[in-house]
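Order as written gives the chain letters A, B and C; numbering starts at 1 within each chain.
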Amino acid sequence: MTCLAPEALLSNEIVIVGGTIIDSTTTGTRADVLVRNGLVVEVSPSIAVPSGAQVLDAEGCVVSPGLVDIQVHFREPGREESETIETGSRAAALGGCTAVICMPNTDPPLDDATVVQAVIARGRSVGLVDLHPSGCITIGRKGEQLAPMGELYDLGVRIFTDDGDCVADARVMRRAFEYASALRGAVIAQHAEDPALVHGGHMHEGEWSSRLGIPGRPAAAEITIVARDLELARLTGGRYHVLHLSTAGAADLVRAAKQQGLRVTAECTPQHITLTDAACANYESTFKMNPPLRGEPDRAGVFAALVDGTIDAIATDHAPHAPETKAVPFEQAPPGMLGVETSLAVAMTQLVVPGHLTLQQLLARMSWQPATIAGLGSQQGRPVAVGEPANLCVIDPTTQWERHANESASKSRNDPWEGEKLTGRVRHTVLRGAATVINGVAQR
Amino acid sequence: MTKHLLSVDDLAGRDGIQRILDLSGSFLEVTQRDMPKVPALRAKTIVSLFYEDSTRTRLSFETAAKRLSADTMTFSVGTSSVKKGESLLDTVQTIEAMGIDAIVVRHGASGAPHQVAQWSNASVINAGDGRHEHPTQALLDAFTLRRHRGPSLDGLNMVIVGDIRNSRVARSDIKIFAALGVNLTLVGPPTLMPSSLEGWPVTMTSDLDSALNETDVVYLLRIQQERIGDALFPSLREYTSRWGLTADRANRLKPDALVMHPGPMNRGIEIADEVADSPRSLVTEQVANGVAVRMAVLYDLLGTGGPVV
Amino acid sequence: MTTAPPPLGASQPNPTLQNAGAVQPGVGHEFVSDATENLGGVVVLRSRVFDASALRRSITRIGHEIVERNYGAHEVVLVGLYSRGVELAQRLASSIQQVEGVLPQLGMLDVAFFRDDIGLRAVSPSGPTEVPDVTDKIVVLVDDVLFTGRTIRAALDAMQDLGRPRAVQLAVLVDRGHRELPIRADYVGKNLPTSLAEDVRVRLGEVDGGEDGVELWGPKEGLA
């Protein structure tokens, strides 16, 4: 797709000095990077800084392709009191992202070319991150009638989903797979929770839901939908992506499906590999999300699937909710947590620091693999090499810090990592040759 | 006790429970006087904030508060700004601004009193939250049973029958009776059992008749007719035939076995008329003891050595 | 240290002393009290106010005074305040019975819920209130130590809810002074001038175990 950058971002030269490059081709190469007119123009151990060029200090840091978060909710249009494309984009840039995929459950939903165009335009004018809308599978996300997928495709949409809701009707899902197969590079992404099984539920069904007296959403609701959808993908030859996979059972199904050669990918969130349903013990509505935080066996199963490569990507499901909407009893609170600003730090703390993944393996799951899933592989997640688009992220891998939600760029405060001690932090973000974040400060 | 009574867990185990039950005994004596009122909580203000209709529980708390000479205010959904869409947070902040000492909360959502406790400086008493807990009901149940089988309830066998999954009474009763050494068996259709019994000190069966043989106390829960529509059991007739305490079943109980029910009863469904009105039944006494137990809770939270301001 | 007899009870309203006498040394011995806040940590036995027989004689005298003042015991209701007042009322009743041949009516009163320091400290009830019909009777409240008068104030309020006696009188074993309310005893076993730092400890065998007695404890000189 074409995403023309605003002129303002194109002018300056930037030199990233003192860093070590990690990308899909190298696990660590010490080099300075010169960026000009949106492209990487020189990569070498020592670059003389041209006059007028901006210098970004990367001493002790990793220079990598920018992160790609393929599931965020920026709430615009319709819920601007929770987040806007501007505040969400800023949070994403601070989190190291150079591209995000916005989910279509806005109001009105992204089931119509006009709305999708408006979101794209707004994203461009903000210009802090490449913002790509996903499109609805069905009109109004009602699960009945197909949305104009071709029209949305022509606007650049590649991920189709009714996220927030599951496409429950197997016949509709089959038609979506079939129809989308005419759209090269399009993928059907499912919020896999059978609405009949999760009806009235507000958290994972198990020990804690029983104790707390909160109706549950069983793991089986996800597993049955993934199992069904995989068979439909097999039947239709369709491309399938599992959003925020949360159960060991679904991970096993995806693993087996990949071995059988089905065209399936999956993502998980930082929270599903870190937290369990025990986080809900005090009825803290921040920890309510769909699919819910699971029990320890599921958490461990998803974690293992992410480590072994069954799960291709980490996406945050960044879901802002205005404080007043979360300041209600757990059962009445909307589901969702913030995440786009903290995902790299949380993932590094959980996965890289303890040695489960190398930083390169983590970046694969947060940059070039999600870029490929979303059809952004020519622009995002590229190696840090001459001639490539300068979508970059500079990471301080050792710094330790404590998260405070009140410092967030998001409009909302439903942050599950409040007070969490994290290792690793984004220092600079460069979007098509212009710095969106310098030293942890958003430039606009 | 801690500052709040949100759950039986706040009673700090067996000793704490016994202490409140002892105190309840003192207040039962007060309620039986010609002048059943003491000035213990003069100048304290207690608000009942009821998001669900429960005249019985609300009156019981308000009577308890008045007999302690506290001032009471009622904030009930039907007559307040809650109806106009005011949020729970706003309501609590409004009440708080009036300068109050305790809020008695009944809410249809589990955990709502926990949130009220976070937002308020007053003591919060859970008068029933969703499917979670109803700690004062558990206290009055334990108090009532202790008057018949006490002071120690150690080793008694109790069967709790009905919709355990959706019952706040069951959750609180299980905690309190387990803490007091009672052996608990849960009985009912598997669709009405909790999805996980992890950490629950109970055994479970769906066969009521075998469970009744050795039992000292049968605790029947109210069966909600709505559950039929939710495919949880086929019909009331089938429920009664398998899990109702019929006169037949009651006749096979041990001679001194007791029957309890939190009310209101569905006579002829979970409990037969003859059983409800038999000498075994403690149902009326449970209600009567409610005021004394709630006086003990209010007194313990507000009257015994809180921080001196 | 001497052997440890059962603890003496502390006089109201000095609750921090409730457990202070867990070890009971002889005169001149000292020990570190839990009640360091009030007593500077070290309290010693200052004097024995009553031994068992003096205490018995004192009760007998009070019994005589009650009978004398009220022209017999027919209309008298002895109402003991928990916990030692209840026991003292019973002893007074037996003593009066020996003199008059009539056992006065007895009651016991728990004033916990009528106290004015609820909320400032833990106030727990001590036992059930059981008082016979007092209408037109002469109620004699019985307590062990009269100090600030606040317990008696609470008892007067509690009595008011129980009926309308013709008169209420007060009998105490020890009046240690320091009144904070306009209250005076009608019958006093012994007037005992004390300092606020001191503690009057009454022991009744039936309540506290051991031998009856009344002792005055106080901080060791120079340490108070």
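Going forward, a residue touches a chain if its C-beta (ideal position, glycine included) is under 8 Å from a C-beta of that chain, and two chains touch if they have at least 3 such contacts.
Remember, it's a predicted structure, so these values are computed and weren't measured experimentally.
Novice: Any chains in contact with both chain B and chain C?
Specialist: none
Novice: If I average the CA coordinates per chain, which chain comes out farthest from chain A?
Specialist: Relative to chain A, the chain whose C-alpha centre sits farthest away is C.
Novice: Which interface, named by its two chains, has the most contact pairs?
Specialist: A-B
Novice: Mind checking the centre-to-centre distance between chain B and chain C? Centres are C-alpha means, answer in whole Å.
Specialist: Centre-to-centre distance between chain B and chain C: 41 Å.
Novice: So what's the Cα centroid distance for chain A and chain C, whole Å?
Specialist: 75
Novice: Could you put a whole-Å number on the gap between the CA centroids of chain A and chain B?
Specialist: Distance between chain centres: 46 Å.
Novice: Of all residues in chain A, which touch chain B in the complex?
Specialist: Touching chain B from chain A are residues 205-207, 209-216, 218, 282-283, 324, 327-332.
Novice: Can you list the residues on chain C that touch chain B in the complex?
Specialist: Residues in contact with chain B: 110, 112-114, 118-125, 128-129, 157-158, 161-162.
Novice: Across the complex, what residues on chain B touch chain A?
Specialist: 87-89, 107, 109-112, 114-115, 129-133, 165-166, 168, 171, 194-200
Novice: What part of chain B is in contact with chain C in the complex they form?
Specialist: Listed in rising order, the residues of chain B that touch chain C are 23, 25-26, 29-30, 33-35, 37-41, 68, 299, 302-306, 308.
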